[in-house]
Structure formats: structure tokens, C-alpha cells
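What follows is a set of structures for review.
Consider the two complexes below, in which chain A is the common component and chain B and chain C are the respective partners.
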Partner chain A sequence: MAVETDTETEFGEVSRLRGAIFEYVSLGASVVGLLALAALLIYVFVDAFGLATASPAWLLTYFLTLVVPYIGFCLYSVGDRAFTRKVALALGGGLVVTAVGFTAIETLVGTIPRLTWQLAYLFLVATPTVASVTFVASREPVGTVGFGLIGRLIGGAALGCAVAVMFIVIDRPLWFLVYTLGVLPAVGVAAYGRRTDFEWTAVAAGVIGLVGFVVATVLRPVVGIYPSDGLIYLWTLGIPLAVGAAGIVWLREASRKRVAAVGGSTLLAAAAGILLGSSALPNGSGVIVTGATVAAIGVYLTEAVDADAGRQGLLLPVLLAVGALAGAAVVQLVGITTPEMWLTPEYVTSAPSNTAAEAGLYPAIVGSIIIIGIVAVLSFVLGVGAAVFLEEYAAGTGLVGRITRLFQINIANLAAVPSVVYGLLGLGLFANLLGFGFGTAVTIALTLSLLILPITVISAQEALRSVPDELRQGSYAMGATRWQTIKNVVLPEAMPGMLTGTILALGRAIGETAPLIMVGAATTVFSAPSGIWSRFSAMPMQIYAWANFPQEEFRYGVVAAGVVTLLIVLLAMNGTAIIIRNRMEREH
Partner chain B sequence: MSDADVTADLQRSSGLSRLKESGYAGVFLTCAAITLLTTVAIIGTLLSDALFFFSEVPITEFLLGTNWSPNPRGEGLSFGIVPLVIGTITVTITAAFIALPVGTLTAIYLSEYATKQVRAILKPLLEILAGIPTVVYGYFALVYVTPALQATLFPDLGTFNALSASLMIGIMTIPMVSSISEDAMSAVPDSLRQAGYGLGATKYEVSTSVVVPASLSGIVSSYILAVSRAIGETMIVVVAMGSQANMPQIRETILGIPYINPGDVLFESGMTITVSMVQIAGGDLTGGSLPYDSMFALGLTLFVITLIMNVLSDIIAQRYREEY
Partner chain C sequence: MESDQAGDGRGITRRSALASAAGLGTVAIAGCTQSGGSNDEEKSINIAGSSTVFPLMSAIAEDYESENPEVNISISSTGSGGGFSNFFCVGETDFNNASRPIQPEEEELCAENGVEYIELIAATDALTVVINNDNDFATEMTVEELAQVWESDAAETWSDVNSEWPDEEINRFGAADTSGTYDYFVETVLGDRGHTDDYSATEQDNTIASGVEGDEFAIGYFGFAYWYQNQEQVSRVAIDNGDGPVLPSLDTAASGDYQPLSRSLYTYPAMSSLAEEHVADFARFFVDQTDNEQIVAEEVGYVPATPDVKQAQTEKLEAAIEDAQG
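On to the complex of A and B.
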């Protein structure tokens, strides 16, 4: 009888324990890196926002006025009793568990530097809860509308700011002439050609644009009087924005009143932007920020108010704004001490300094935006072009086949070349041999474009490969040529995938430091660059420079704020890429 | 549909449109050719300055010299790469001690144990590890990891040390090992696993004795890629490891056998090939001087090493792949 219950059979012992241990060890290994990074991120956030000095009352106030209403909104959007109960349990139970657990660790093991149990609760319980309710709510109509509106608000303003920053290095009067004499007539001719199907208009538009550009460059030194920068922005960007926004609404077949409302409000906002004073952006460029924000919101609103469900979501920005104001009011009235934050609006809009209290990241942010703008154009064009050749023109055999294979192997090897070697390429070729200068935007942008080129090519190739062959065959069957097929069928279909890949690659470029050091980018510049040929700094360069400062305030305050700024920009870029990809997947 | 539309205009393929077609093909070919030109330009720039360097400094002195001082104050220039190689090897091996086992276990967990939902969450999260800018990792190592290690495990750790830099490089390269290895493990056909279960093997035995050997070529090639990445890593070591090109102290055991105490290299500041390049770039960029050229000699060394490792990993992945 005893033999049957014995695990030791003639097949040998079957050890469950060993298997279980192995499973949990490998699970632990999968998360150990993530946990380490999470701990480091918590510390850098605590330092950047000075949360270690935050009083519990301050944390409680904002928790009640911002976080709780936000979670409430998400729960309302989901509208599921069981889910609400689960979230409440997590928040309440988490409070007890963190308070008890944290105190136990502190008494038994030792103090945990710069953390309190309230902060631990904030990061270990509240943040994951907020993330998960956001994720669940984003699939419901109310949440979708609310997050969509917030996204338009932030996205429009951020894009507007980025464009405004790009204009720092552009000669505004020249741009005014080029736009008036070249861009505007060319666009007009092209639009006319679309309506009349006249074959030669594309060529004509190109010629007119080119002539306009040449005339503008000739006229630039001759003409003496130009409108103010604000008016130039309004004429060249504000009005096209308003027309474009109205056009999108019109294409959706909205009523004439709505088209006029969106166009008019965008124009009005852009005009009001002239008056908007700002310490950081150059004079008048508020036009682009307000115009882009209102255009994005307006276009979204005309869509959202007609939706069958989820209109309540439009109140989310109001809810958050009221919450923030209420929190600030309570803090003021009760006299709660506010923590000493490092990452503040002044930090983002002022120049670096040798004293920690005055140090800012503004020139580095401007440098990064301009460099990434140039890199985006260069690497997208080159990456897509190379990918189109490799996927659409390449053959398996013959000379072209051999060339294609060579390109393919070469790209795979380029992707593995260390970034510091690309820095040497930039130094030897662009800075010294071609004389583009040390640390200029041109040198840096060219170097970074070549650095991320393999990544953009590979991701664009994947996007092109995912276009089903039936579409191409269908186009050829209609008598289209190869270029017509690529232009009208393949590229539009692959565009979201290629955009996603390029944005992810740009995320890599924005954090690169080693090549920038090699080509002589400035570690610290005290004012925004004046042109693309002046010496640039960038966010990672500034972090690198500050990390060497021995003072505590720099190490744990100023640099932490810089790191968090960089990470927020990265998060925004990658988030945009993921949203584009998800939308693309939903459409197919 | 009017009658005029029915008669197809088959003669439209004029000279202009043919010209347009080949013109666009040419544009795309040019874009693709730029990727090749990049390689040519890298090799060209590295070689031209490196060859000049080697005409001044004999290549044997460069490869065997044990003193690296490109910015002399008072004494003569000396270009011996050995201390830099020792620093690079120290960092790479220590990082590999983190990345290879953790990455392999992660790959096994993802491919064999994780449910579909867990994998869908864990895989993109792991990619974040590789997406954090390296200068940020360097800052973490210098400002958080080193003080934490000093307070707990190693009280005599220097402010700048190889250990915390290597730890961060290890964490950064985990996803490189795990994602390539996991691809290889997922490619192992289920019939092999079923055969293992049919023989009475447990899940643990199937994972370690069937799946891992069957995907070994992929795992090894991921190791080589991760190590090559660690060798070329720059900013983490620049920020956290300092810049002291020292030869490690050679101690002797009681029996007279020489050895190097790992603590001597790990707990102290050191210098890798990449750090010395950045250090020289911080001083002199205009060209023409010997330190400037030495940068390119170092870059060439780095380029050749990573290229060889990349080709090696490719060969292993191709040649030793089990075809199913």
C-alpha cells in the first residue's frame, strides 16, 4: 500500500519544488530591472519636485482636490459598481498597508532616506491606481472624450510651442517674403489644379514656389520695412491655421455655422496671441501657441458634441482646472507650507546659472527642439526613401538584388555601431572637413540623423511590408505605374507605421549625449541660439554638465529637474507614437 | 459613364511619365545609397586620422603600452591602450553578470511561463529599460546607486567607481538579451515541448533541457550583441566612473602567484575606451594634434571590435540555428 503513495517511483523523483522555485526566480528576474528603475524614477521625481520637503497637509490637499476628483471622473466614465468597489478597496487598503508596512520597515531595518509613508502611498498605490483607472476609462465613451480633449489641449499647445521655438532661428522677414511670394501662390495653383484636373499644375506649382523663393531672397536685403513679428506670424501661420481648421470641419460636412465658428475662433485666438506676453517665447509667437491650441480644440469639439455618448467627458479639463485652483486656494488660506520645487515654470523658461536657485533649462530645451525638428525632417525623408527603395524597387536576383542585400546587411551593421563613433564621424566629416562648425545645429542634426537612420529605415520597411500585396496588385491592375502605386496606395497605407517608427527613433535621438560631446556641442549656453550656425546645447548636454557639479542643490535638485523634463518629453513622444499605432490597429 | 471615357488612352505612357518614373526610382536609390555612404564615411574618417596617428605612434606601442596620458602636463605623451582595455573589460564583464542571467531568465519566463496578458504588459515595460537615455542612467548611478551602495554593502566605494556604472549598463542591456532570446525560444516548435512532456518531463525540465538547448544559437547571439553594446556604452561610464586611466595593482598571494583583486578595479575610478574619447573631445577638437588623432584610433578600435562581434553574432545565429 505504501508503495503507491510514494513519489519515488522508478521514473525518478518528480520535484515540484524545483519547478516552482525556478518559475518564481525567473518571474523575479523579469521584474528586477523594472523594480530597480521604478525605485530610481521615484527618487528622481521626489527630488525634482522637492516632495521630500512637502508637508503631509500639502499632499493631502492636492490629493483631495486633484487626484480624488480625477479618479471619480474615471469611475463615473466606467460606470461599473464592482470596479468602483475594487478601486476604493485598493486606495483604502493600500493606505493602511503602506502606512503599517513603511513604519515597520523604518523601525526594524532603518530609515529610508527622503521618503515618508505618505510619499510611498502616493507612488506605490495612488499612481498605479490612477494609471489603471485611466486605462480602463479610456475605453469608455466618456473617458475617451475627456482624454481626447485634454490630449488636444496639451498637444496643440505643445506643438504650437515647438513651432514657435523653431522660428527663433528662422529669419522672420525672409520667411514672410518666401511665404507671400512663393508658398502662397504655389499652394493656390496646386489647389486650383486639383479642382480642374489640369495635368501640369504640380510642375507649375513647383516652379512658382521656386521662383518665389529666389525673388524673396533677392528682395530680403532690398526691402527695408517689414511688419512686426506678431503680424508676420498671424499672416503666415495664424490665418492658414484658421483656414485649415475650418477646412477640416467643412470636409466633415458640418453646418456652415460651425465651420465659421471654428475658423473664426482660431483666428481670434491667434490674433489675441500677439498680445500675449511671455518671458520665454520670442515676441509675437504666442500667435502660434494660442492658434494651434484653439484650432485643435475647435476641430475636436465639433466632432465630440455630435457624438451619441460621452459628452460629459468634455467637463474633464474644467474639473481639473477647478481642482487645481481649489487646491491652491486652500493652501493659501490655511497657510500650508508649499514644498521647494525645482521643476517650476521659471526653471523651464530661464537660462542656466551658477547658483542653483536661478538655474534653468531654457536654452537647452530650445536647442533640443530645434535639433530634433531638423532631425525629424531629415531622418523621415531619408528613412522612408531608403525603405521604399528596399521594399518596392528591390529585386531578389540580378544586380539590383545584390545591391539590395548589401544595403540590408549594411543597415543591420550600422544599427550596432556605438553612438560615440557616429560622434567621430560628425566631428571628422561635418565639423572639420566640410566646415559646418563645432556644435552647430547643422552638424549636430546631421550626425544624429545618420545615427538614427538605420532604426528609421528598419521600422519604415516593416510598415511597408505590412501593406497587403493585394492593394498593390489592385493598383497595377488599374493601370497605375509603380510611382503612382507607391504615392497613392502604399505610402498612405504605411504612413502611420512609418510615423510611429520615426517618432520612436527621435526619442532615441533626443537623449543622445556622447555624439554631441564629440562634435563639440556646448555644455552650457546662457541664451537661446540665434541661428542654426550658432553653437547649440541640448537637454542631455546640460544634464551632463550639471551632473559634474559637486553641490547638493545641483546634484539632487537642478539635475533631477532636468532629468524629469527630459523624461517627460520622451514620455510624450513615445505616448504619441503608441496612440498613432493603436489608432492604426483599430482602423484595420 | 460617357462614351468618351470608355476608349482607354493606352498611348499616354509618354516620354515624360517614363522619365518621371525613373526619376523617382533614382531618388529612392539615392536615399538608400546614403546608408551605404554612411558606412564608407565612418570608415574613411576613422581610417584617415587613425593612419596618421599610427604613422607617429607605432601600432605595437598603442596596443601594448600600459600608460595612457594624452593630455600631458610636464611629462611626455603616452598612448598605451591597455589600461583602457582593462577598464572596458571590467565594466563589460560586470554588466554581463547582470544582463545575461537576468535576461535569459526573463526570456524563459516570457516564452514558457507567462500568460498572454502578463506577456502583453511585461514586454513593452521591459523595452522602457532600453529607452531611458544613457546620461540619465549615468546620473542615477552617480547620485543614487553609489551612495546607496556606500551606505549598505561597500563602505569603501569611491564616489566614481566602475561598479555602479556596470550595474546600470547591466540593467540597460537586459531587454536586448531578453527580447532576442525570447524570439529564439518562441521559434522552438511546440512539438518538441510536447515530446518532452510525453516523456514525463516537468515544465522546468522542458524549459531548461529542451527549449534552451534548442534556441541556444539565438541566446548566444543575443549575448554577443549585449556585450558589444556594453563595450560601446559611453555616457553611463563617463558620468559615473570618472576618468582615471590606472593599471590595476597586481598583488601576490602567499605562494607568489600574481592576481588582481576585483575590488581594486571595481571600487575605484577607471577609464574605458569610450571615456577617454569623450575626455579628449572635451579639450581639443580642431584637429592636427596627436591626441585628436588618437581619438580616431580609439574609435577605429571600438568600431572594429563591435563590427566583429556583430558579424560573429550573425554567423552564430545563422549557422547554428536549428531548422525545424
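On to the complex of A and C.
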């Protein structure tokens, strides 16, 4: 009451208490989720890399040889004294605060299992600091160039590995024939048509490609001898890659020397890749990995070298490589004990085992990548197709409109159906009725595609709806047909949104376990699948089985390493899609 | 390569130089070629079934694969019943693992689909009842006491079972009803008295172990292997079947003293699969490994087969293979 009388005499004053409480409650809500997830991830990483057994000296060595130079590079790139001071304060102050805080908690509350204050510092101070300096530096020229180069390096290699994995299940000789007789002539005709503006070349190229494909399938069993896999990769992937990379450089109107340098070095790297034997990827597929890496770097270098500023950024990979080597050398020389890591190169290249030290995830990684590749294509095509029809073609009124609405409601509800039910559908429909086999890549991929279809359809519809109607009307006003409008105006505008939806859905698909169990995916296979009709395993299946093993090394170390691998594959996949999306957004 | 012979012993003429160049070229290219025969029929072996037998089967399969890399073995951990009804009896898998003998309904289903099989003993397991490390009263239990704890009309508190035990509520952690472990426990301990619903049911042994670990008045049961690998985490209970309490161990299970909870684990190869040489070969390898101390006992934690059992299994398998390959 007293407040009310006050407001009559003075200017109105509203209590801000409720607003402030609301603000902090919403802040708390977001922090709770993030903290829980962060705690989980920290433990998973600690287990996967065996950091609990890492000696402080080992951590310090790599902190000084890798992390500190990296932060230095970022600060140099930013070139702002105030910022440098802030970062130094954060690192130094954080050190004191974590050390004191951690010891206080340990003495007052009790020991925190498998964490030391050094690890807490690494995760709570060093990691966020590195992330923030990276973010700030990425907006400056030197940082942009440095991160761009690192990105090309990792991206090219990762993409190469993914393609190499895909080719594991492809019959190489057949692909060789299809490429030589179908793809190559078709591309040639299409290119010729571009130059001469001959109208029907697109159709002709299609026909030639199809004929080539048929001829190749007929010839496949007849021809008795083929080039080795390495040569097939070089001919069908290495050479086109070199031509493509040189072409991009040429389009940028670079000197002839540079075009030749990029094309030549890509070809050379690809050829060298034949010799690169590896325990994991099948013979010869090193061609794609080295070729793609060098092509990506080469194309980027010709661009970055000419840039006005930021050329120093090109030294970042060298800095990191030297840092890593120096760290390893110090560890070796001083005799610092290295932690027992679970996630090692052997882990991702060897088969599962019953002894934790030898256990690997290779067949499951290959299985997951191939499955997700098929799912990505299927769900994108089906999802976008359905969404375009529902949004652009289906009438909104009358009987058809009512049916469309019924469809719509069903799709929205399908998104909430438990994944086990989709597993049953896959088991009944694909495995039993259509005879695609139990646990084959085809059955698994179709099941997962159906599982995420509602999400892709709905998100694609949202993207299409967000395209302003004025654009469509404008296109019609120019005399464009509906097909032309959709192809030239609506789809390009909606593509980034549709891609985002598909990425999110794929993230769900790669982690699914229940439907895989239902359709009979294998828990363990010991070698990579030889075709899409052989029995597949996937990462979640193998991880789930390991989590149930009696040995502690499995339940902590091996499982954690599997989880981190799954996360890395997921991030790589999302990263690719996000880059594609951003490219498209920038083009508009 | 035939052109190699063109220039025999008349000095280096232009023709012979050309011919040998061509020959070298052919050899060089031949070195970079592969025979193009379409992929041979893939040698695969598909195995599904019990999650209890899974570690043993995958350990043996791993050894077999390292010696025979051309054979592709896939193993699924589906549970004994799930493996029979979804995969084995519809002719999709070559082997089905089971932690209990095949049941009449499953036999019928297999017969309907014309799937014939034989039963092989893979190992012996000692179903282990575990309690919290701080529990010092229930370290020995009679079968009757165990039944009172787990029957469908189960005791509420420990003192309901034995008046000397504390008046604390019993918290139960056990196998889910889809698992062979559950079936076996019901069959040997509970009989017609049925299994209680008032317990945390799971297929994951480590869930049972951590449940029991965190609660002084909890009780649980699972296969011996889990306890064998995690002896610090929880305590095993000695079971008294009328002849005094016996602790579950590899020795007592092998000698047959640990009764009634020691059980055989099985694998069922399909006859039609044994007709294929590589499957028969794997089956022989498997039976041969069932008495391997290192794998069965040390790595996995089951009781290896005795010489008599192994002998009998080998004869049974050989007869079946002969029959199948006719």
C-alpha cells in the first residue's frame, strides 16, 4: 500500500526485481545444461586420452611447446596490447584461481575422482582462452590466413579419407569402366556444349553417360584384366582432381606457371599416394587423401600469397608442427612418462579385440561413414522433394488441400515416433519383405533415412516458407514458369535453411542404436565391409557392446575413445555442411 | 609377355630391342593389374544371440580372423531369445549363442522354417549373486533364502527372510526378462514361484554392479565373468544347496560343487551352414578353443570345457558336418 501512495506523489517507479529474477533464472537454465554437458565431455576426454595418468611435467611440456606458441600467434595476429594483457591476466590469474580453488574443494569437500588441478586448469581456463583468442584472431588477416590454411589441410585430408572410405564398398573395376566409358565422355560433351552454346548437349551428355554405364556393366564380367586399384584411383580421381584444382586457379586468372604448379603438384601428390601403404585404408586409396590435401592447399596458397596482408599466417602449420615435434623431443629426452592414451592412430585403424589395449574401431567407423553417406543423399533428396511438393505445388484449398493438411499433421507426428518403431519398420519392410538383407548398409541406411525424414521435411518446409512471396511473384512477373521460379529463385534462396535441417537430422541418425539393433546390424565385425550388401556394424553398436564388458579398461578407456571418435566424425560432417551452407549464403 | 622370346641370341637388332622394350612394358603393366573376375562369393559367417556368450564368441572369432583374414565374421549381441526368433530360426544367421538351451517355441519356429541345428556347449558359467562390500550378514545364503528374496511374492526386508538379518528394505538389481540369465535364474532357483517385478531390470551387468555397490542393503545377480573382472566392486555370496555354502569360482563351477547356479552356455550352428566348408572350419576351431584356459578363463571369465566334454562336442560336430556335407 505504501508503495502505491508513493507513486502518486513521485514519478512512477516499477520494481525491477521480477525482471532481474527472471533474467537470472533464464541464465541459470542455460548454464545448468551447458555445465552438465561440459562435465561429461571433460570426463570423456580425460578417459579417452588417459589424461588422469598424465604427469604434470608432460602437460607442462606440451602446454609450453604447443598451446603457448599458438596463443602467441593469435595475439600477434590481433596485435592489440590491451587484449594481450587481458589474455595474460586470464591465463595467469586462472592458474592461481584453479590451483587454490581446486585444493580448497579437495580439502573441504573431498577428492574429485580422476581430476587434478592441472587438468581443471586445462579444461576450465586454457581451453576457453584458446577458443576466445582463436575467435578474435580469426577476424584479423593473419589469423584468417593461418586458420584458412590449417582448415584446408585438415579439410582436404578428411574429405579424402571420407571418399576413400566410400570407395571401400564400390567395385573398383566397375567404377573404372563406368568412369572411362560413361562419366568422362559425358563430361566432355557437356563441356563442349558450354563452349559452343549448343542447346541439346545436356541431354546428349545424359544419354552418353547412361549408355556408357550400361556398356560398362555389360563389359565388367567379360573383361578379365584391370589396372590395379591405385592406378584406377589415379585415373578416375587423381587426374580429375588435378585438372579441377588447376581449373579453379586458372579461373582466378593466375599466371600459367601457377596453374601448372597447382595441377602438377596435385598430380604428383596423388601419384605418390599409390606408394603410401597404410594398415587401414585399402591399397592405393592414399591417392585420394594426398591428392585432395595438396589440391586444397595449392588452391588456397595461390590465393593467399597474393593477399595484401596476413601472409605471415601461412607459417601457422609450421609453428604447430615444430611445437609438436619439440614437445615430443623434450618428452623423449627428459624421459617424461607419457599418459596411456586410448584414442590413438592404432585405435582408429584396427579391428575390435577382446583385449582392451588392442581394441580398435576401424570397421565400425567405416560402417558409420558409409551408412551416413547414403543416408545424407537419400534423406536430402526425399526430404527436399517432399517439402517442395507440399509447399510449392500442392493446392492449399479444396479436397487436395485437406489431404495435404492431413499429410502435414502426419509428418509432424512421425517426428515424435520412437526410433525402435522405425527399427521394426525397417526389419519388416526392408529386411524381410523387400529382401534387402539383415544388417546390410542398404537396410540400415533406408531405415535411418525414414527415421529422420520427418525432420528433414519439416525443416525444408520452414526454409521454403521463409522465402518471401515477393520473390516468387517477381519471377512470375518476368514471365518465368513455375519450374523456372522454383529452380532459379526459390531453391537457391531456401537451400541454406534446408541444409541446416538435414545436418541436424544427420547428427541424430549417426548416433542411433535402437533401430540398428532391430534391423540386425552387427555388434562386432572384424574387417571393413566389402560391399553395401554385406553385414555392417556402426560406431554406436560397438560402443554399446563395449560399455557392457566386464573389464574396467573397456568401460572407461575404450568406450570414451569411441565416444570421442564418434563426436569427431560428427563434427567433421557438420563442419563440411556448415561450410557449404555459408558459401551458399554468401553467394546471395 | 610372349614377345620376350622374339630376339633370341643374334646381337642387339632394332627388332629385338623393340621387342624386349615391349616385353618389359607388358611386364610393368602386368605388375600394375589385377585379375578382374567378379567378386568371389564372400566367405561370411553371421552370428547372433546371447550377450553372455558374446565376449567368448568374439574372443574366439578374433583369433580365427587373424589366422583366416579372408573370412568375414559378424557377431551381434541380441540376447538368446531375440537371436533365435528374429535371426536364427528364420535362416539369417549361421550360429546362435544362448545362455540356456533352446526352448520349445523356438524349436517349433525353427522347424517351421526348415532350419536344422545342433547344440554345442561353449563353456560353463557360474551365475553369481552379489551383495555390497559392507554387507556382512548375507555372505552365505541357502537356495531357499535366495528364492524368498527373488520370488514373485518377495520379502520386503532382510529380516523377513532371516530373523537374524537387519530390518532393512531389500533393493534388488537383476537381469531383464529378455535375457537367458533371467530364464536360468527362474528355472533353477524360483521354479513355479515366479520372479519378482519389484527390482531394477537391466541387460547391462555394470548397472547391476554399480547399483549394488552404492547400496548397503542391495542384492543382485549376473554372470561370473563380471565379478571375476571386478572383484573389488562387490562381494559374491556363497550358496548353500544343502551341502554347506560354496563360493562361486572357476574351480567350484568346473567341479560341479557350485550348485544349482552353474550353467552351460551354448552355441547352435545351423546344419545348412555347416555344409559350407568355411563355417565347418570355424565350428571346429571354436570347439577346439573351448578348453583354452587363456581365452575362456583369463580373458572372458568362464569355465573352460573339461576334456570329456570337449571330446563329446568334437565327435558331435564331426558327425554333424559329415551329415551336412554328405
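Couple of notes before you dig in:
Please note the rule applied: the second predicted complex is superposed on the first by the 507 of 588 C-alpha atoms of A that agree within 3 Å, B and C clash if a C-alpha of one lies under 4 Å from a C-alpha of the other, contacts with A are read in each partner's own complex, and residues count from 1 in each chain.
Methods note: a residue touches a chain if its C-beta (ideal position, glycine included) is under 8 Å from a C-beta of that chain, and two chains touch if they have at least 3 such contacts.
A quick note: this is a predicted structure, and the numbers were derived from the prediction, not measured.
For the composite obtained by overlaying on chain A, chain B and chain C cannot both be accommodated without a clash. Applying the stated contact rule after C-alpha superposition, one finds that A:Ala545 touches chain C and leaves chain B untouched. Touch criterion met: A:Leu231 reaches chain C, while chain B stays clear of it.
Of the two partner chains placed by the overlay, only chain C lies in contact with A:Val223; chain B stays clear of it. Applying the stated contact rule after C-alpha superposition, one finds that A:Gly520 touches each of chain B and chain C.
Of the two partner chains placed by superposition, only chain B is touched by A:Val420; chain C is not. In the superposed pair of complexes, A:Arg555 makes contact with chain B and with chain C alike.
In the superposition on chain A, contact of A:Phe438 is made with both chain B and chain C. Set side by side, chain B and chain C differ in how many residues of chain A they touch, and the one touching more is B.
When the shared chain is aligned, chain B comes close enough to touch A:Leu429, but chain C does not. In summary, superposing the two complexes on chain A brings one listed stretch of chain B into steric overlap with chain C, and the stretch in question is 237-245; the others among 21-29, 129-137 or 237-245 show no clashing C-alpha atoms.
Common to the chain B and chain C interfaces on chain A are residues 427, 432, 438, 517, 520, 547, 555. Contact residues of chain B toward chain A in the complex are 8, 17, 20-21, 24-25, 27-32, 34-36, 38-39, 41-42, 45-46, 48-49, 101-102, 105-106, 108-110, 113-114, 122, 125-126, 128-129, 131-136, 138-140, 142-145, 171, 174-175, 178, 200, 202-204, 207-208, 225, 228-229, 231-235, 238-239, 274, 277-278, 281-282, 285-287, 295-296, 299, 302-303, 306-307, 309-311, 314. For chain A in complex with chain B, the touching residues are 11, 14-16, 18-19, 22-23, 25-27, 29-34, 36-37, 40, 43-44, 381-386, 388-390, 392-393, 406-407, 410-414, 416-425, 427-429, 431-433, 438, 450, 453-454, 457, 479, 481-483, 486, 507-508, 510-514, 517-518, 520, 540, 543-544, 547, 555-556, 559-560, 563, 566-567, 570, 574.
Contacts from chain A toward chain C in the complex involve residues 171, 173, 220-221, 223-231, 351-355, 427, 432, 438-439, 517, 520-527, 530-531, 534-535, 537, 545, 547-552, 555. Only residues 32-39, 42, 44, 46, 48, 51, 54-55, 58-59, 61-62, 65, 69, 72-78, 86-87, 90, 92, 203-206, 225-226, 228-230, 295, 299-301 of chain C touch chain A when the two sit together in their complex.
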